[in-house]
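The two complexes that follow have subunit A in common; it is paired with subunit B in the first and with subunit C in the second.
Right, the complex of A and B next:
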């Protein structure tokens, strides 16, 4: 008897619970889709910059009771897929998100090529797409064609300009001469940046005494570094990707590359880069940067470490988080799940984020860091647009710890 | 010139480490192992993980990795691949089945590795500059090269001067004939597969000291290993070593003298030439 009564009680409780949560689910869930690499060549970058920020933001929003959509609190339900660093796979999954999972909003893809490749499909379903890890000079053209697409991390030219400014300043200061050694990884990203750099550096009166490309995944970069060293240039610029940013630093240490300015592009800002090479890479310049002294950034970085167990990278992590904050504020501001209204809200308003106040001008935000530098264990922003807290550039002085 | 020779030979050592294991697995056990690169990365992950969490020297990891990888690969052969070997009526069918099975296995291994470490296996070990014949290189590459030479030499002696070694070579030549003369073919195949896996994992642990790997990069090494094995001649350890040396030297020469952008093109050009003029590989026998 007792057992039956207990059972009944339990069943009633379960039913009540079910009914409650059922009602809650029907009214209070907003579905968010995220597709990015967990495997494949870009996975190493995406698990540093993209995935932890999605995790952090969803946890924080849900912890405070979800999004306030027109007076209704909605918990975020995250649906994530691995695109295996394959654009075809990404597009298939994007279709699945829209048709089968019927998500309300999406997180923009990881990588320039993926954002451009997926813009038509997300555009067709009307999702606002706040791209972060995408750097190109074709933003105006793209945003005109896909009015739902937004850019936040800067243009190719802005990135090259940041490096050029440093080179010009250091030439005026007498630290380097006119000669530059430049290398790039032979893929779309490296080639586009190197092409632009060739124009801008030559215009500024520099001479590229070593200018070579190498294939992605080259196992031995020592011939490249020996060539750069033999050129005698006091400035070294590499439009590199991971893992070659690591490989070049390793070879520079081995060859004791004698330069005053050393720059490598993507992954230089990763905490793993600093962890691996320690004091030897002090004063190495790289793409990105952040202002760790800014209270908002400091609080964000602490939360990132706390929730994900990983140190945030010193570049696009904050931008990725800021893009999610924009989506959050736009949905709450517009007070609806209607994609068109939210997209229009993003265009018309400014947003208070960890990157400061962000606004879009023709769908492009002009607040970003372009060059940073490892200074005593922290990668600090030295050049940027619309950002505050840039520190002076220091000269590279040997590779000894 | 000396730079090219030194850097080229050191790179050859890396390539030999990548290819020797697959050579045994494909040449003797006749398993076209597409998860070869993932086993290599698994070795690298072990070295990275032990080094960053408990400061274990990668050289010690190399020794730890040998029995673990040997047993792991033996189990894979025994329980996953033996049924395929049994049911296949000819070499062609076994190859197709093995390719599909190991391709699937590679995804499982990647999944396991991503769940342990999804980012880059970035650490630094023995990256001290040293001068070899006046050319600057790094200690970790030299160590990897020396171990590659030791493994290659030991393998060569073992295959040519011991009873089990000769039995393994006999299986490489013909499974039917070696069965007829009383060689336990399934056991020798399992041994070769396990040994190949252990060598590959050791290679990964060593390579991770100077190349930053991640969980998904295995396929790059599988491809390189495949090229070297086919260039050298399937089942020929000398062939793999010579092919690795050629590839290392040519890539370094092209990178230094012509353009680093053309190293891949040069490697594939040699590959195509060898396939055109010596399709059985440098040291391979013409199959009857």
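Right, the complex of A and C next:
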């Protein structure tokens, strides 16, 4: 168990502050549990999107004296575990949080599978679960089964729809033709997205002149990219994961892929993606997006860099932070640690977050970015649902800096 | 030998009866540890059925376990079948596969067999990803049932008990005798007219059957199945470590290994979340150097020494 040293620090600081103002009082504690990968295949994503936001939020809340729970200030004590990207491990640890540590609230897990695996347990103990990094088309069925589960990052279909809209617009503008080259990583989410895209793209009158998959962890993507190049399509779409989104960009640069629309899915929005290829990936599209010009987002990003020392990613980071803000406002709004009351509060109210005002309709929030684009060093949202500040899509024009 | 055999069986039955009461007294957390322990107990005992007497170290557990979990996911999610259908089908599929693999590879011996089984889980995972990608299309495999930890625990306990009973029966049969001879010296076994290939294939098939059954039973607990997660090479290694720790030579060896190991493993995971793999490697080394015949081997050694002293 790693109890955050940070908590102690913040607690001491806050206590000192209170003492100075002459309002010293015994600090009550509210326990928060968080389980997500620190090792294993999903750790790469979790240390970018999940963990830094938990750290940031806990530190900020504690710095201002903790949560106001019905008139009592309560400092957050964070209990965190590594699930090793293993669902069996995650389930066991979730039980541990509930039974041994007896935490008051939990941070929803990282990854679709883990949210679904943990939902029955957290549901049984009544914890509200505001899932962020979980994208599925089965939200209705899942939220009906687990009424404590909330979704905030959109559906598989919304994801593919964003890309389809861009393709249709660019076809109308004459930038691309009917031909699309599409590749996908042969793993759960990649397969699911590609499958949905095949239907939606074909319905929209596109022709997949190149449609190939590659196994997860393929080190050499040059045959994939050569094939896409030979197809002559002016639009390239890749339903890819973190390692291969990078690998594909690298190959596109080497092959000098001649397209007007280039899209790769997960991890394109990571700051490391921009750092790796600089100006060469200007106008590359990817999953996610954010509106950096929004003052709330800008302040959040500055605090993220300041506290964690890392640039926030341009997608789910803000949603993850917003989910924590929802939890915060629900606990303070309900004025109690009672889980059922807080869960009901989440269903009935709207929340003022960095992502704007969020509300839940049948436990699903319809405010999220689906497609973003690297534009002069910043990954900006170009397509989204319920969000403001989308910028026009630009055309990809070569791979030189 | 015979009366002690019955005694052993009686003790095992008593243990199983006691174990059945665990869900009634344990809270959610301890029950979830008990489920994990019971899962490894069933896997390690069935592993030891084959690898114990023959000394063929099989790393295929993860592959068969994965087939069980994956088929439950696919049949329930893609074809809307009830949970019990894949529960019956998966072990049969895995057993058939184990038989084919056994026929093809059990002529190999020693290290070749180990390497082949290590690669097997990876091969099947990739094959399944390929099939999913090209033929099925995946929407994520959901296993949504109303089964809770105690139900899964009881099912696993039943499997473990059956495996144990089966092992007990095999030990007392001509087949068990043949396997022990194969383990001691395969050439001799062949010379005295034992059909070594058939004996090995039968046992390997049994192991595959039960590993898949355990994988299928555990699937509802995970709720969401991804090939990358069910075909875990780590599982194969953990099963081997636990069985070796207890001692694969005796049927109740894995029992002695699994329970302490699960608890220690849990403790390590909580205390040193970032070093657990290091611990796994150290455990492997320690077992091989200090307890080559497992805890059971040590106990028997001590008993023998005591007897010598008395004499």
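Quick note on the criterion: the second predicted complex is superposed on the first by the 374 of 401 C-alpha atoms of A that agree within 3 Å, B and C clash if a C-alpha of one lies under 4 Å from a C-alpha of the other, contacts with A are read in each partner's own complex, and residues count from 1 in each chain.
Basically, contacts are C-beta pairs under 8 Å (C-beta built on N, C-alpha and C of every residue); 3 or more make two chains touch, one makes a residue touch a chain.
Keep in mind the model is a prediction, meaning the values are calculated, not measured.
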item	value
Which superposed partner A:215 touches (first subunit B, second subunit C, both, neither)	both
Partner chain(s) touched by A:195 [first = subunit B, second = subunit C, both, neither]	second
Subunit B versus subunit C as contact partner of A:119, first or second or both or neither	second
Which superposed partner A:275 touches (first subunit B, second subunit C, both, neither)	first
Contacts of A:250 with subunit B and subunit C, given as first, second, both or neither	first
First (subunit B), second (subunit C), both or neither touched by A:223	first
Which of subunit B and subunit C A:41 touches, first, second, both or neither	both
Overlap of the subunit B and subunit C footprints on subunit A, listed as residue numbers	38-39, 41, 85, 186, 213, 215
List of subunit C residues in touch with subunit A within their complex	27-33, 36, 126, 129-130, 132-134, 137-142, 144, 148, 218, 221-229, 232, 234, 266, 269-271, 273-274, 276-277
Partner subunit A, residues of subunit B touching it in the complex	3-4, 7, 10-11, 14, 110-111, 114, 118-120, 122-124, 127-129, 136-138, 210-217, 220, 251-252, 255-256, 259-261, 263-264
For the subunit A and subunit B complex, residues of the former touching the latter	38-41, 43-44, 47-48, 51, 85, 183, 186, 212-215, 217-224, 226-227, 242-243, 246-247, 250, 253-256, 267, 270, 272-273, 275-278
Residues of subunit A that touch subunit C when the two form their complex	1-2, 38-39, 41, 81-82, 84-89, 91-92, 95-96, 98-100, 112-114, 116-117, 119-121, 124, 136-138, 141, 145, 156, 184, 186-189, 191-192, 194-195, 213, 215-216
